[in-house]
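What follows is a set of structures to go through.
In the two complexes below, subunit A is the common chain; its partner is subunit B in one and subunit C in the other.
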Partner chain A sequence: MSQLSLSLQGHLGVVWGTFIVRLKTISRYKGSLSMDIFMPIMFAAMPILLGQAMAGSISEASANFQANTGLTNASYIAYMIIGANVFSTVTASFWLFGFFIRREQILGTLESLFMTPASKTSILAGLAFYVEARSAFTFVLGYLLGCILFGINPLQGQVILALLILLIGLIPIHGLSFLMGALVLKVKQANSLMNSLQWGLGIIMGAFIPVTALPLFIQIVSFIFPGFYLNYGIQAALTGIEWFFGNMYLDLTVIFIFVLICPLVGYWVFSKAESRIKAAEGVGQF
Partner chain B sequence: MSVDQIIQVRDLTKIYKSKKRTGLFRSKKNEVHALKGISFNVDEGEIFGLLGPNGAGKTTLIKILTTLLLPSSGTARVNGFSLEDENGIKASIGAMLMGERGLYWKLTGRENLEYFGALYHVPKSIRKSRIQSLIDLLELEKIVDRTVETYSSGQKMKMVFARALINDAPILMLDEPTNTLDVKEARRLRNIVKNQNELGKTIIYCTHQMYEAEELCHRVGIIDQGQIIALDDPHDLKDSLEDNDILSVEGNIPEIARMAVESIPGVISASMLTKRVNNGSSEERPYLNIVCDNSRTKLPQIISVLSSNGTIIQNIDKKETTLEDVFINITGRSLMDDTRVESSN
Partner chain C sequence: MGFAPRKVVRTEEFQLWWKQFCSMTRKEFIILTRYKFQFFLSFIQVFLIMFLFTAAALILSPADKTSYGLGLMYYSFILFMFLSTALWDIGNSLREEQYQGTLESLFLSPISYISTLISRIITNLIWTSLNVIVTFFVMSFVFGELPIKNVTWGILILILGTIVCFGFSFGFAGLALRYKESMNTLTNFLQLIFMIVCAMFFPFSALPEVIQWISRLIPLSYCVDLFRTTMIGVTPELLPFEIEVIIVAVSAVLFPVIGVYYFRRTVQQAKKDGNLSEY
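Right, the complex of A and B next:
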């Protein structure tokens, strides 16, 4: 009989193994990584070009944007490019565990994974590291490329701080992705649900328009969604708009509170859903 | 608990709740009783066969024992761990379920084994050498560094088997492990299963191929419609039928002829069954399976009754008793039949 050590080293091995497996898999789908870089640029191009067409010029569009949103220091183009990139990384992270569960169900590997003593947290941590690395890579390249294409300075604002907010702000999103995992286990037609919901996410995180310009009930939903503070923080760091609570440290504190709460809530909900599914037809069915 | 009994199963039931479609938008609640109060023990170091037709409940039972499913009622202990102690059980078993599925197709075989080694917390210091020994054992050298998507079905099955051995667990649970393997590879895999057992592993071997159960298993539980209907040493199970002879009649046999044969004194049963044509294809041929007390004296009367009732006889064989005959004797059906467990509304 083997001596199986359920030690910290073992758990770290699962985290690292999962991270490497994802990297190797994506390296065999090269087009997918390029799409991650170009998609946000295409998302940003639509409102930028539409705004320009409606206003007559970029400067007119920018003035309209500032007047209608109250963001007096905002660079209209930078706001859209950043919003599109954050939207892209947040949706990828938010569906991370849900997509993972569904993909593994399709491959038939989910039951193989669930038969191992590896903890779901270790597997998610490995997935999360992979998404953080991929997000940082695609965010930087997507942002740089977008700025160059639309003729704005990519090095304006505090780039390092923005990157730090991105990496820390994605942690609660990864935690919430457990909820999506639970949803995928429960809902058979999860893909169409995910596709519909992701545009709702874009709205409540203020990716393309500040939520302060939206109806009150949407603002309330936004304020309890960590993706909103992630987007706002990066916007504030890069474009110079005022921090949401007027102070960088207060904004960061809110993000840290989400870092502590969301993974616990997400994991608890997922565990409950997993138990219910095991009592019903099993995790491999969809 | 006896130390020798590495698996103990008591009154295990599993009810699947589903919806039965009765129209475009209408459905009725439906219950499928997949397991109906199964109890058995597996001794440490034995190969325990679960033999039954498709849909009998074998996979459901294995999924419960591997903690993938929760039972509706009943208890089980695996290697001393109750079903609630998932990690204890997971660390105690290597399992092969779902046939060739369960591998990452974009990874090579070696990368799959490395990853599953990590998931089973196999220390890195011994992982590489264990993977190499599995590659040697299963002769995977030529394919192990190719991505799984390029494998044939048989190669994938071998790789899944290697994955089941990666954690060198004391218990192996194998669900139809020779499906999709050719005859030679299936025989090789059965030999490896025997060797693993000789090395001290306890093995639960699910199959619907009676010859596999006869060849490998120390004890066999015959499972049908969610119940274990017989459980013993394969030889003892066959001995229970030794007093009777079994005849196989092939040809064009009307139902009236079968009924007439069944009414002959000394004929215990006469059932129309199917068997696979022995030419490597999936073609099946019907035959009349007759269990009688003395075929030598009964045969002329049986032929006469069949002929007078419109039967065109092509072939008559006296069969060696097999586990399938035990199954037929109890259920009146063949192991080849797909017998989904009954449902109730």
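Right, the complex of A and C next:
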């Protein structure tokens, strides 16, 4: 039996179809979507309110933040609101991508999905578009709402550049999520692992504290994690802190290098894991 | 036909209840021990969460307030963990029985509702307590000594606060059976509300005046306030110590009674409507 192959239009149709299906599904869970917007604000509120209460005033807290982190002229409120939102989008990518296979397995649709002529790449591309759209939506609303609640101007800095960094910087995160996906195929309790791991990601990406204020071993791990550059880039674009390498183009170059490497490595590892499972027992088992 | 004296019947009833309770607790414990990886990871998770938020708060505060901030964060987090366990675990555990198709049979047997609910608490209570103890030592090692004042009162208030949380969760488990899948969003939302209104990770003084008034209407706020200020050794923020103790103690009696009552009513209604096994 000859295998059906799709034209370019067919592949684009698969990408679009996957995107729309996901969008329709999430639009039915408005509560879940609102939590994506409110949770980062709550995450940022915890250290902001406690820190302010201990410092005695906003100006004192600001002075302590600048003295302890070395980030002069930086607003700690903006830093933490942005950090919390980036943290939330990065972890959402890990959950949505990494657990895509597991979810399909549980629903009982994975085996059938892989039997269709739609290529896995097209399906994953559709999923990537969905994650990007959802992340941009929740990031913008979460950031706006957080800024309004804490009384800071959301339109300071280069907003469009920040949004572009978010959309491009999430691509390597999707790539890394494939590694998580490979782990999910092998380890049944991977959700517990991800539950714990996500908080570690918050630390190494410098979501609430610049990693330069943390011990050296954490800094080393941060520098090889693309989420760190994603967060730092958005912080620099919006709050006006100095770019990590002192120059915007150098920072963007590093992000682009991760854009090239991470999806390829992640996809390769994921495909290997998947092939091994298909050969052993099929992907319908879970 | 002879009649057994009333005292003997009561003793037998208690023995039977105790036997049921032990068997159900044992079942929950066996399930817990099968997920060793999850058990181990929970310790790492709690530490990472504490580290992330504590370090961020400490970076904004002066050095002489470190101990106070550390205490406030840690002691608030203890109650938050018990609340979170209470909100998620009992309802989820009953929903799990629905998925597995065993809930209907469970409630057809002459089993006590209270032992069904309490047995689901015990293992998680032990698990959370272990997490609390381990986190205490790790946090002290990483950030410096945590303030410990009035341990006896602190433990007593923590026990009462935990009873309030679990009492609330009994009623919430009833809601879980009634509203099924929508409960996940509701639980998330409620957790968020409690985090803000009960000032779970910051002093009440950091909240706007209007929200502080709402906080005063929720008994859990007094549990949080009383426990952490007692352990840190400062005056409670909301009301004088003695009044807060009375509120917490009364809540610890009322919440379980109302919770069990609501749960029992929901189950009986579900039995009547024939939707106990539907999910």
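In this section, the second predicted complex is superposed on the first by the 281 of 286 C-alpha atoms of A that agree within 3 Å, B and C clash if a C-alpha of one lies under 4 Å from a C-alpha of the other, contacts with A are read in each partner's own complex, and residues count from 1 in each chain.
As a working rule, contacts are C-beta pairs under 8 Å (C-beta built on N, C-alpha and C of every residue); 3 or more make two chains touch, one makes a residue touch a chain.
Everything numeric in this text was worked out from a predicted model, so none of it was measured.
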Fit or clash - subunit C, subunit B, common subunit A: fit
Partner chain(s) touched by A:L107 [first = subunit B, second = subunit C, both, neither]: first
Partner chain(s) touched by A:I152 [first = subunit B, second = subunit C, both, neither]: neither
Subunit B versus subunit C as contact partner of A:F208, first or second or both or neither: second
Touching partner for A:G17 - first (subunit B), second (subunit C), both, neither: first
Spatial angle subunit C-subunit A-subunit B, Cα centroids [nearest 10 degrees]: 80
Partner chain(s) touched by A:A136 [first = subunit B, second = subunit C, both, neither]: neither
Touched partner set for A:M248, first subunit B, second subunit C, both or neither: neither
Contacts of A:F65 with subunit B and subunit C, given as first, second, both or neither: second
First (subunit B), second (subunit C), both or neither touched by A:V269: neither
Superposed arrangement (fit on chain A Cα atoms) - minimum subunit B/subunit C Cα distance in Å: 8
Subunit A positions touched by subunit B in one structure and by subunit C in the second: 29
Subunit A to subunit C touching residues, read off their complex: 29, 31-32, 35, 38-39, 42-43, 45-55, 60-61, 64-65, 68-69, 76, 80, 187, 189, 192-193, 195-196, 199-200, 202-203, 207-209, 213-214
Residues of subunit B touching subunit A in the complex: 16-18, 63, 66-70, 72, 86-87, 90-91, 93, 95, 97-98, 101-107, 111, 114-116, 118-124, 147, 163, 167-170
Subunit C - residues contacting subunit A, complex: 35, 37-38, 41-42, 44-45, 48-49, 51-53, 55-62, 65, 68-69, 72-73, 182, 185-186, 188-189, 192, 195-196, 201-203, 205-207
Residues on subunit A engaged by subunit B in the complex (per definition of touch): 1-2, 4-7, 9-11, 13-14, 16-18, 20-21, 24-25, 28-29, 107-109, 111-118, 123, 275, 278-284
